[in-house]
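Shared between the two complexes below is subunit A, which pairs with subunit B and subunit C, respectively.
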Partner chain A sequence: MKKEEFLEKFIDAVQIEEDVNEHTDLSSLDEWDSLASVTVLALFNKYLGLKLTAQDIKSCMTVGDILNLGREKYAE
Partner chain B sequence: MLKSIIKNVKIKGISVVVPSKELCLTDDKSLYGGDEKQLKRVMRSSGFNKRRVADENVTASDLCVKAAENIFADMNFDRKNIDAVVFVTQTPDYHMPATACVIQHRLGLKESTAAFDVNQGCAGYAYGVWIASMLANSGCRYVLLLVGDTSSKYTDMFREHQSAPIFGDAGSATLFEFDEKAAPMYFDIGTDGSNYEVIMARNGGFRNPPKKDMFYEDGTFKYEARMDGLKVMEFTLSKVPGSIKDVLERAGITKDDIDFFVMHQANKFILENIALEADIPLDKMPMETISKYGNQSCTSIPGAICDALEEEVQKRPLKLCISGFGIGLSWVSAVLDIDRIYCSGIRNFD
Partner chain C sequence: MGRASVLRLNEQGVRVVGIARRGNKLEELKADCLYSDKFYYETRDLSSNIEELPDFVKFLAEKYGKFSGYVHAAGVLNPCPLGIFDYADALKDFNTNLFSAVMLTKGISIKKCRQDKLNIVYISSIAAKTGNPGALTYGMSKAALNMAVVTLAQELGSQKVRLNSVMPGGVDTDMAERYNEVLPYNYLEKVKQNNVFHEICKPEDIADVVMFLLSSRSYWIQGQNIIVDGGETLG
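The block that comes next holds the complex of A and B.
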């Protein structure tokens, strides 16, 4: 899966209604809560086969930080 | 993980009892600061909607006693045959004595009955099946397993947070019999005590005994009940699918041999992800109980059996894989053969 496709999955799964880009602060999103972070953990497992830890997700400040967690798994 | 095989024991019947008082998440306009859109989003993902809540004076043991009475009455079973009663709960009647002793008396069980409590939550039913089966294969002919919780009474888990109350109260009874012709039961059991704080109620025991500052103004006790949802998800995805695969392998079968995978009904989202990771078809994994009864804690597996499989378990032999996982952190997966057992469905307490 390409990074752009994963971003779409992220927006869809977390049900984000605002415009977002890699610089968007997660804390600025109404939808960013504990359920959203759980959702993201599952997304990495589902689409990229990545077993991340809770700490991986908690350390992210921006949408770009989230996407960066999958950097070694994206298709070109 | 610990592998265990128990022979010569069969399950005879299951009953589940819930309080009749039903609450819906949409009833509480204060959730998520009144943001209805957020609440709907959570409900869609988690599957939560309705749940049953016990009155102030009703405990888990009350629900379980009623479930046991269903078994005795409907199966025309003589309670004098019970040799052991095990009560699995995290909401006992008292700090001491063990609630199982009180239950022995309330149910009119004979004096030569073993009675004790087990403190287990989400993995509690599968743990209880393991313990009850060992007892039944060790000199107890009939064993009564009672598993129940009134988790809604840990009110402060949701009181100080913007999250939604998800726990539904329920009690169950399961009857086991020694039977040399019974198919073996297979278990896979594990514990990660390094993460004991991921789900816990910190106050009220002897590490943090009750003090004046542990009460809300309305007199309610601050258990400091907490759950780190993200860590629970990390734990679930890292342990549960592997535990299911291991227990199937131990039983010498594949997922195709299993009729139903009955998981702890944590929430819809977690179950869907376990199914995905363990490659289990969703039609073999009941999860409708969540929207009707909430997360029933240790009772959620018998809850799902009595809700979704009430007719199936009575009319034909089934091979079930059950898996409980959560507080502890603890997990137990098991493969069980059941053959046309009694099932009460889910009945109201009052």
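The block that comes next holds the complex of A and C.
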């Protein structure tokens, strides 16, 4: 899966209604909460085969930081 | 909890056939058995080809002899908040947690697969009652499993089949470990705070109740889903 496609999945699964890009602060999103973090982990597992932990997500400040966690798995 | 139940049964010299996906885990379990010659195993993925399971039980009964008990300890918890809920994924988890239990029960309750008296114990969960955010499929499957107990205990009771379940709270298992990793807080620590002993339940504590429900000492208990959670749900 391409990075852009993963971003689409992220927006869809976390049910974000605002416009987001890689620079968007997670803390600025109403939808960003502890359950959203569980959702993101499930997305990485399902689409990229990555088993990440809540600790990995905790260190993320922006949407770009989240996307960066999958950097080695995206298709070109 | 399946593993702990096997070890408890094996200590008592009971012959057990273990079913699991991975042969290496079963081989490890066999090595840990006090009487390893009394533990047999078959590998089978219980998340698919569910319709074949009654025949699978027939095959087991022909190979190992008629069964006097069955413990359903297979269970998966794949965190899936509603935003990522997927029907096909949920169905697969329902196969493992619920439908395989029903179809194995269908197979094992046939007279040629079992002894005169048969005791069945499912491992359910307090999640069947309390639910957990992010664990929709898990909670739904366990609630349905509880209803399978209530219904089938009535259907099969007159044929000398006893059927009950144990509903543990948080238990120190590989599954809890994985759940811990995806939650933003420490799940087992929370469980520890919430039960009245402020300890973490060990699989053996659950296996002891399973042993009781498999034995004739619990003869008058039928169709019950029994909470075994150290008071976690007392509030």
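By definition in this document, the second predicted complex is superposed on the first by the 76 of 76 C-alpha atoms of A that agree within 3 Å, B and C clash if a C-alpha of one lies under 4 Å from a C-alpha of the other, contacts with A are read in each partner's own complex, and residues count from 1 in each chain.
In the analysis below, contacts are C-beta pairs under 8 Å (C-beta built on N, C-alpha and C of every residue); 3 or more make two chains touch, one makes a residue touch a chain.
Because the structure is predicted, anything quoted here is derived from the model rather than measured.
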item: First, second, both or neither for A:54, with subunit B first and subunit C second; value: both
item: Touched partner set for A:30, first subunit B, second subunit C, both or neither; value: first
item: Partner chain(s) touched by A:22 [first = subunit B, second = subunit C, both, neither]; value: neither
item: Subunit B versus subunit C as contact partner of A:38, first or second or both or neither; value: both
item: Which of subunit B and subunit C A:12 touches, first, second, both or neither; value: second
item: Partner chain(s) touched by A:46 [first = subunit B, second = subunit C, both, neither]; value: both
item: Doubly contacted residues of subunit A, that is, touched by subunit B and again by subunit C; value: 15, 34-35, 37-39, 41-42, 46, 51, 53-54, 57-58
item: In the complex with subunit C, residue positions of subunit A that touch it; value: 12-15, 34-39, 41-43, 46, 51, 53-55, 57-58
item: Residues on subunit C engaged by subunit A in the complex (per definition of touch); value: 78-81, 83-84, 86, 89, 133-134, 181-185
item: Contacting residues of subunit A [partner subunit B, same complex]; value: 15, 30-31, 33-35, 37-39, 41-42, 45-46, 51-54, 57-58
item: Contacting residues of subunit B [partner subunit A, same complex]; value: 35, 38, 41-42, 44-46, 162-163, 228-231, 233-234, 237-238, 269, 273, 276-277
